[in-house]
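Here chain A shows up in two complexes: once beside chain B, once beside chain C.
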Partner chain A sequence: MDKNEILKKVNAIFIDILDDENIVLTYETTANDVEDWDSLNHIQLVVAIEKQFKIRFTSKEIQSWNNVGEMVNSVSLKLN
Partner chain B sequence: MNEHINYICKRIEVLSPIHSKKLKKNRTFFDERYDELADVFFKKYLRVLQLENKTLDYAIACYLQMLADVTNETVEFLRTGKYTSTTFEEVNKRVYASPGVMEYYMHGLLLSQFLFKHHYQTLTFFTDTLPQYVNTTKSYLEVGVGHGLYLSSALDILDSKTTFTVVDISETSIQFAKNLINDTRVEYNLRDIFDFDKGEKYDFITLGEVLEHVEDPLGLLLKLNDLLSDDGVLFFTTPTNAPAIDHIYLFNNVDEIRDIVRSAGFQIASERSFLSEDVSAERAEKYKIAVLYDAFLKKISR
Partner chain C sequence: MKAFSQLRKNLKNDFSNLKPVKIALLGDTATQFLSVALRGAGFDLGFDLQIWEADFDQVEWQIFDPASEFYQFNPEVVVIFQSSHRLLQKYNKLKPEEYSSLAQNELQLIESLQTAVNAKLNSKIIYYNYAEIDDAIFGNYANKIASSFIFQVRKLNYELMLYAEKLPGFYICDLSSIQNNIGKATIFRPAMYINTEMVLSIDVLPAIALRTVELIGALYGKFKKCLVFDLDNTIWGGVIGDDGLEHIQLGTLGIGKAYTELQYWIKKLKNRGIVLAVCSKNTESVAKEPFEKHPDMVLRMDDISVFVANWENKVSNIRQIQNTLHIGFDSMVYLDDNPFERSMVGEHIPALTIPDLPGDPADYLEYLYTLNLFETVSFSNEDTERTKQYQVEVERNAGKHEYVDEYAFLESLDMICHIEPFNRFNAPRVAQLSQRSNQFNLRTVRYTEADIEMLASSADHYNFTFTLKDKFGDNGLICVVILHKENSETLFIDTWLMSCRVLKRGMENFVLNTVTFFAKTNGFKSLKGEYLVTPKNGIVKNHYRDLGFREEGAFWILNPAEYQSKKSHIKKSDE
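Presenting the complex of A and B:
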């Protein structure tokens, strides 16, 4: 699966969990750009992404992402 | 806003922007007394930091470390529906008997009393209700004193002739509470509560966030029922769905807590449930958001 495809799926998860259809993610998007992406929702997002891609992140990964691109990279590394 | 809280929030904005958003939301739950209570608290807490030759930046690092632990535990909880530890032996080794972990945990938890909305709401429920029991409380027992903030409030509120007894299993915790409280009226016992019996009954017992740390919460409440005088009052708090490095007993909902309280021979005099996040009840249930349950209990008359 290429990164654009992963980004598209991650975007759909954000829309579902944060309950906001207007969210448009790019690789550069950070928590500062998405109003409801707080520490609570971050955990829900992590678990939903794991479920979607049937992967498991390490605790180091979960705490380390600075933007959506780094998140997508982590997913990509586990899938490929 | 209290200057120290302000400093903490500004530092967290830099160190953890994602958590900073939650702190901003929490501020709307702090009432008009918040600043005054925070002033009193920081006066005591800064003295503790000074005693230990530490700074507020150290406390912030401890708080963020505690949050990182909670994040990891929560992810695992949402994956499995269970807490990662289930036995006392595991968490004793992992946390209580590990001074390095206890150290950051105590500082982190203490700061959370003024940063988490449900911790602040619980603290004020305790300090608002305790004055009702001043006249009937000649002896006060606290089980699992933790950082000592509840005991510190009780010392301020209760009569000066009241006796104060503490039982805690962690040496780090007792030392931490001693430093925060700095009051010779308190007798500290480094002991497992199940092994504690001085043949005395207590008029008021506090059990703040302890039930989720034991394998047999019903057994603990029965023990406290035995230690409580006939007209005494037990104040306790415990959360539902709250994964943490030292939580072993999972309450799935508030009704499970009420059931155990009744089974232990108590009736509820007053109670509160505080959601840990600012979300709707529907969302809280869907995502298993923690609820902190607090109650003042009396013995069921026989």
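Presenting the complex of A and C:
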């Protein structure tokens, strides 16, 4: 699966979990850019992404991402 | 079961018509998600759980400080979640010689929390027990050594049960059992715990929230009272009408073991006070034959309160059962192996709980275990007698047809009533009746055993319990009246509730005679009643009017001095 495809799926998860149709993610998007993306919702997002791609993140990975691009990278590394 | 994200979406729904309950949630780990899941699960059970959440790890601060936000919030139910991970952290910091006192010390702390809460608040407490963690320090030997962590956790869970057993307002929510069912790998996600201090995974929150809300529901009168079941391929294998008595599968025949074990489960429910009713498409005599003659049947005719076997449709048969028992459909569970019958019944009687039994009978029991259908917050000796009482009721109704007029029938029953104030012997039954009675209940104020014990010693309350015996049998304690002395002249009827088993016996007249006589002899000038409408208590809408009370604003007034004793067929017992 290429990164654009992953980004699309991650975007759909954000829309579902944060319940906001207008979210458009790019690789550069950070938590500051998305309303409601707080530390609690972050956990829900992480769990939903894990489920979607059937992967598990390590505790380090969860803490390491600075933007959506790094998150997508983590997913991509696990899938390929 | 819904996923966490679905429960969370529930929060956007309209809660305005739901029963509000004020809940305080206190935990030693992060509880924000638990709070969301509780409110979301509450919605599905018809509750507007108004949750006040203590800040992270503030359990002792909030409870031991009498001026805290916790006490200002004044919750009806206090939910306390202390995790086994925190317990393990405590244990880790102990000196080795202190290891074996962990459970005892923790229990003392819990006792002091409970005492502090109940010194100020009349709230119920729900406490999660501890999900086991085996720290693998001793291997199996941990079971032989009191200082091991697993030994202490299990001891603490056991001691908590003993503590809860003697304390009516203190309930355990069985987290340990949830972990047993779901598995530790699902309940606990180390990466989440390390990052967020949350010890419950998102996947397990719905199960925990549901278990908790079911307990809260039971506190507020939502629980099951009756199990209705089909016969063929539900409680035995095969079809009695086709296969015959010798060939239905029970005991060791075929997959008979699965059915026999299910029957033992149903029998235990009956012993616990769940009323059993049979609803089967069969010729009655054929359907009864296994109950009377099959050596491997666990259930016998005297376990069944209502037996309906005919060729009518099941919807009308279940309606007939409901009518005989005078209980709501929402307190009944219906078991049937046939998906078609289930969906037809479900369509016509949506309030009924109908488990989707799996295709393989071997799976029945394990599936039913997971549903936690029979949550309760009380258990009394009366429960074990219930089946017999309903059987007698069926017999009594049959006798009714022989009398041309109601008067002669009631007279023939030789009804005797025993009146008593609250005491520690009847408190469990009174509390239970207060939680169970939905229909004949004027104000539907729910009291627990602890409340009843307080009312028993209150100087401003006068309490009455009524039993009813007749020639067919003993109905036990079936009516409760609580009078509140508003001032030297006025007695307010805080509670008047009655079991629907004894409707249409003139019990109302007898009770009013008793209460008015009490009011008069104690110099009260006014008896004041109130009807608070609920979706279920329509039958007592005109209760006070029918008894001759005069309407005054929202209340109903009766002057004891002017009251003429009403005709009653019930005699007062001299015991």
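Structural remarks
Note that in this section the second predicted complex is superposed on the first by the 80 of 80 C-alpha atoms of A that agree within 3 Å, B and C clash if a C-alpha of one lies under 4 Å from a C-alpha of the other, contacts with A are read in each partner's own complex, and residues count from 1 in each chain.
Going forward, contacts are C-beta pairs under 8 Å (C-beta built on N, C-alpha and C of every residue); 3 or more make two chains touch, one makes a residue touch a chain.
Everything numeric here is computed off the predicted structure, so don't read it as measured data.
Annotation: superposed three-chain arrangement on chain A; chain B versus chain C shows a clash.
In the superposition on chain A, A:N4 makes contact with neither chain B nor chain C. Contacts of A:D16 after superposition on the shared chain: chain C is touched, whereas chain B is not. When both complexes are overlaid on chain A, the residue A:V47 reaches chain B and chain C alike.
Contacts of A:D38 after superposition on the shared chain: chain B is touched, whereas chain C is not.
Working note: chain B versus chain C after chain A overlay, options 44-52, 116-124 or 134-142, clashing stretch identified as 116-124. The interface of chain A with chain B overlaps its interface with chain C at residues 39-40, 43-44, 47, 56-57, 59, 62-63. Chain B contributes residues 16-19, 21-22, 25, 67-68, 71-72, 74-75, 78-79, 277, 279, 287, 289 to its touches with chain A in the complex. Contact residues of chain A toward chain B in the complex are 30-32, 37-40, 42-44, 46-47, 50, 56-57, 59, 62-63. By the touch criterion stated above, chain C contacts chain A in their complex at residues 4-5, 8-9, 12, 32-33, 190-192, 194-196, 198, 201-203.
Residues of chain A that touch chain C in their complex: 16-17, 19, 39-40, 43-44, 47-48, 56-59, 62-63.
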